[in-house]
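In order of appearance the chains are A, B, C and D, and numbering begins at 1 in each one.
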Amino acid sequence: MTVAREELLIAAIADLIAAPHPHPVRHAAVGAASPIPAHAVMLARHRGHDVRLSLLQQRVGNPFTEGARELFDLAGQGRIDLFFLGGVQIDGQANINLIGTGTPAGSSARLPGNFGSAFMAFTVPRVILFREEHSPRVLVPTVDYVSAPGVSPPGVFRRGSPQALVTGRCVFTFDAARARFALASLHPGETRESVREATGFDYDEPDAVPETRGPSESDRAALAGPIRAALEDTYPQFCARVFGARAA
Amino acid sequence: MTVPLDSLDALAARVSDGAFVALPPDNSLCPVSLVRALIRRGVRDLHLLGVPISGFATDLLIGAGCVRSLTTSAVTLGEAGLAPRFTAAMKAGSLRLTDATCPAVHTALQAAEKGVPFMPLRGMIGTDLLPQRSDWKVIDNPFADAPDPIVLVPALVPDLALIHAAMADRHGNVWVGRRRELATIAHAARATLVTAERIVEGNLMEDERLAPGVISSLYVSAVAVAERGAWPLGLLDLYGADAAHIDAYAKAARTDEGFRAYLAAHVLAPMPKAAE
Amino acid sequence: MTVPLDSLDALAARVSDGAFVALPPDNSLCPVSLVRALIRRGVRDLHLLGVPISGFATDLLIGAGCVRSLTTSAVTLGEAGLAPRFTAAMKAGSLRLTDATCPAVHTALQAAEKGVPFMPLRGMIGTDLLPQRSDWKVIDNPFADAPDPIVLVPALVPDLALIHAAMADRHGNVWVGRRRELATIAHAARATLVTAERIVEGNLMEDERLAPGVISSLYVSAVAVAERGAWPLGLLDLYGADAAHIDAYAKAARTDEGFRAYLAAHVLAPMPKAAE
Amino acid sequence: MTVAREELLIAAIADLIAAPHPHPVRHAAVGAASPIPAHAVMLARHRGHDVRLSLLQQRVGNPFTEGARELFDLAGQGRIDLFFLGGVQIDGQANINLIGTGTPAGSSARLPGNFGSAFMAFTVPRVILFREEHSPRVLVPTVDYVSAPGVSPPGVFRRGSPQALVTGRCVFTFDAARARFALASLHPGETRESVREATGFDYDEPDAVPETRGPSESDRAALAGPIRAALEDTYPQFCARVFGARAA
């Protein structure tokens, strides 16, 4: 049976969550529009990683009782270890743009807005950037608007930096000290050249670039079984599309 | 000290043209029936505040020409995609937008709730948002040993908070459950107008089980009953969002004509379904 | 991510000597059973924080020699009058006291809850309290047109919050009802230890009626059952304060001998009444 | 039937609440230790004054749902119009001391502490000072410790100042511009001389000083009837003492 693209991305992100890192992930928060990251956190947990997942926009049984500000208060305190951010543009320094393109930003196409990015990028120690579209239009040399910077100068309060960027073509890891991405793995079907061609910013390319490790059979069984059961309420359309119609 | 029980139209009449109005987001007891009544009454020049983001109700008001300016952290219809009338207004340059970021909206309202002129907030330094916000100030944290720039966000006091509650009692106490951002909005605003699914007997403040989810009548100016008053949005565990309706809106409202047809069918026409 | 269900003594063992411990006031789910267990375990050198004031539980701990310092806005037994062991310790000079004022305690905890280094607070200028508090700073409000001095209170992060809840579930969620200062304490502290009247089945966070009064397990390190765990203080509408007992304590504890006799009878001896 | 001292004080405070003042009282907050002020607010309401009373330490049906901070948040916003303060010492400038006497303050006798006074005195526009004991020990030329100042220099944020001081002997009104009390009325049995002798600070004495107006028969009926019914839960001992045993 073929592995769905979504399953591959879920497994790739789950690998990043478990990867050695100075800041372990015990609590991850995920928004309504992020089914793949949410499934990745659950998969990491299934694999034995002791991580708590807070689904931000759960209508019933929402994890918060102090209102919408509780997420940001938790992040402000450093009680959220991992958050996911995307962007209409992401540049080679891991700056992200959620406002839109053009000058002024948003004039050519206006996107929803910054959401909490201008805060979460500073207060959450581990951020994984995730954007399925991997094209020169999205991965640009310099964003038109900085919703959240990838790195900050010394003296600016900041608990961490993006750990990696996961796209529909590959995984880049991010070196905050050099403010530069490196190609870490290629999804099946991609080559160094295809990725280079689709990427608008420059990045490092080590000698060995493995293929992105897909989900194991046990992973896939968990995704289609208990993880689906836990997340179907929050992501019904995604679950139906990726894991098929549910046996009634 | 009695809180009047209004009709929906009487409640809408309490919203003055030009008012600075705070609205909850789509997933948090947003008073859509009241928003429709506001459009019918032809309110103009509103300054809307998205707490902390904006959605369907704001897009309706923008499309109907009721909004002059908007302060928010994002405008989105969620799974239904971009908010079409917001997008069109931005393209046309007809909307004065002040971008924010979610925790800055909460912080500004908490400052108002406490009656302090400002509150600090981490982050934002080095973004392109900060230079856009000349109302925010960066100071050096006076408690730090080394230089430590930190943003101060001034208090934001809405003229009005508009919220939808799961229930209200005859004293004007209203129950919003765990969505405590509604309490923050009500506390921060000069006045709060509430629609409620239903009126219950007794006093919600005297029920120790329900009281934790109550906004006290102290903050409430008037209440109107609006059954399914969040529709097509959802309300806690009482009813879910009408995703098909919102999808249809998102498609229709891509054009001016489509939006006008939607308005005629679902806002301006009498609606047997809701108590409007 | 599971929250252990401890015995009362095991819970008390989690409180280290020298810890900075926040305690609710007498009228707000104060964990008196746990305080008695702490005295039995012989905890020493606590720095207590009264949120925002202190009462019976603090007086017991002071009398039993468990407290080195105390930050609070007042210490009182309410209708039973002055707190006798506090008064005696002040006379003996054996207690390091940092005076505060109620809203400054709340503000310091809210700053901790939000993870900001400080928050502003009105008032206090011209009092004799302000010069006593070298940890507070007065700045000129940067948003005012004219000179406007305002106090900044730094965040206060207790090592531990100790609270008593009306109920807890097996996930570690605890219900405190409308006493939301308990949530603030739990959010602000590094860790929270909870006694609960009883354990309920199911998940309190998933009950939309109860969730508004819940502190999430996210903040809770361990739970122990303590039936009538606030006694002789009251608990919401579940039971009232035992005024006769507190009066008797207030009289007995006026002398060292009287306090020792009280301790022997009601704290150190096995108590059939409570689940200790 | 004789009017109890408590009834007289209640009526005197109710008169102050209704007295012409630039800041009307629509919302008064009263603490657990203040049965007389609470009854006075209820009496003012009985007399037709549209005032809301928040009883701070009500165990069941407490007026707040945002925790103990809600009172102070309300006051910070200016949503509490009237509050009552007392003190172990009150001086001629309306400074109050809640900490204790001696040098350092509290060394000769330590009282509970400042409570919220250092904040409420600034944020609540109308404060009525209330202390039954009227002696040179309490009403001093200068307090040993300022828990809350009676007046503040220009430029210090402050919404108002004490309106009056009610004691067991008389009512003083307070002139904030001059930071000075004036004798406003004498309780039955007191004279200008007896008050002067019992007062440690200097104050103005107008030519005409009326007797404190006691409660009317309607007032007394309301106090013993509906007001008692409303407050008995909060102040059981006070109600029993002043209004007698309750007919079961």
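What we mean here is this: a residue touches a chain if its C-beta (ideal position, glycine included) is under 8 Å from a C-beta of that chain, and two chains touch if they have at least 3 such contacts.
Given the structure is predicted, the values throughout are model-derived calculations rather than measurements.
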Inter-centroid spacing, subunit D versus subunit B (mean Cα positions, whole Å): 40
Return the distance between the CA-based centres of subunit B and subunit C, expressed in whole Å. 36
Quick check: how many Å separate the C-alpha centres of subunit A and subunit D? 60
So subunit A residues touching two or more other chains come to 60, 62, 64-66, 72, 75-76, 123
Pull out every residue in subunit B that's touching 2 or more other chains. 110, 114-116, 121-122, 148, 150, 178, 180, 183, 208, 211-214, 236-237
Taking chains as nodes and touches as edges, what kind of graph is this: line, ring, star, complete or other? other
Looking at the whole structure, which two-chain pairs count as touching? A-B, A-C, B-C, B-D, C-D
Hey, which residues of subunit D end up touching subunit C in the complex? 32-33, 57, 59-60, 62, 64-69, 72, 75-76, 98-99, 105-106, 110-123, 145-149, 152-153, 155-157, 237
For the complex, which residues does subunit C have touching subunit A? 1, 112-116, 183, 187, 203, 205-206, 208, 211-216, 218
Quick one: in the complex, what on subunit C touches subunit D? 25, 27-28, 51-53, 72-76, 78-79, 82-83, 86-87, 90-91, 99-104, 106, 110, 121-130, 146-150, 178-184, 234, 236-237, 240-241
Touching subunit C in the complex: which residues of subunit A? 26-27, 50-52, 54, 60-66, 72-79, 123
Inside the complex, what are the residues of subunit C that reach subunit B? 107, 110, 114-122, 137, 139, 141-144, 148, 150, 152, 154, 177-178, 180, 208-214, 236-237
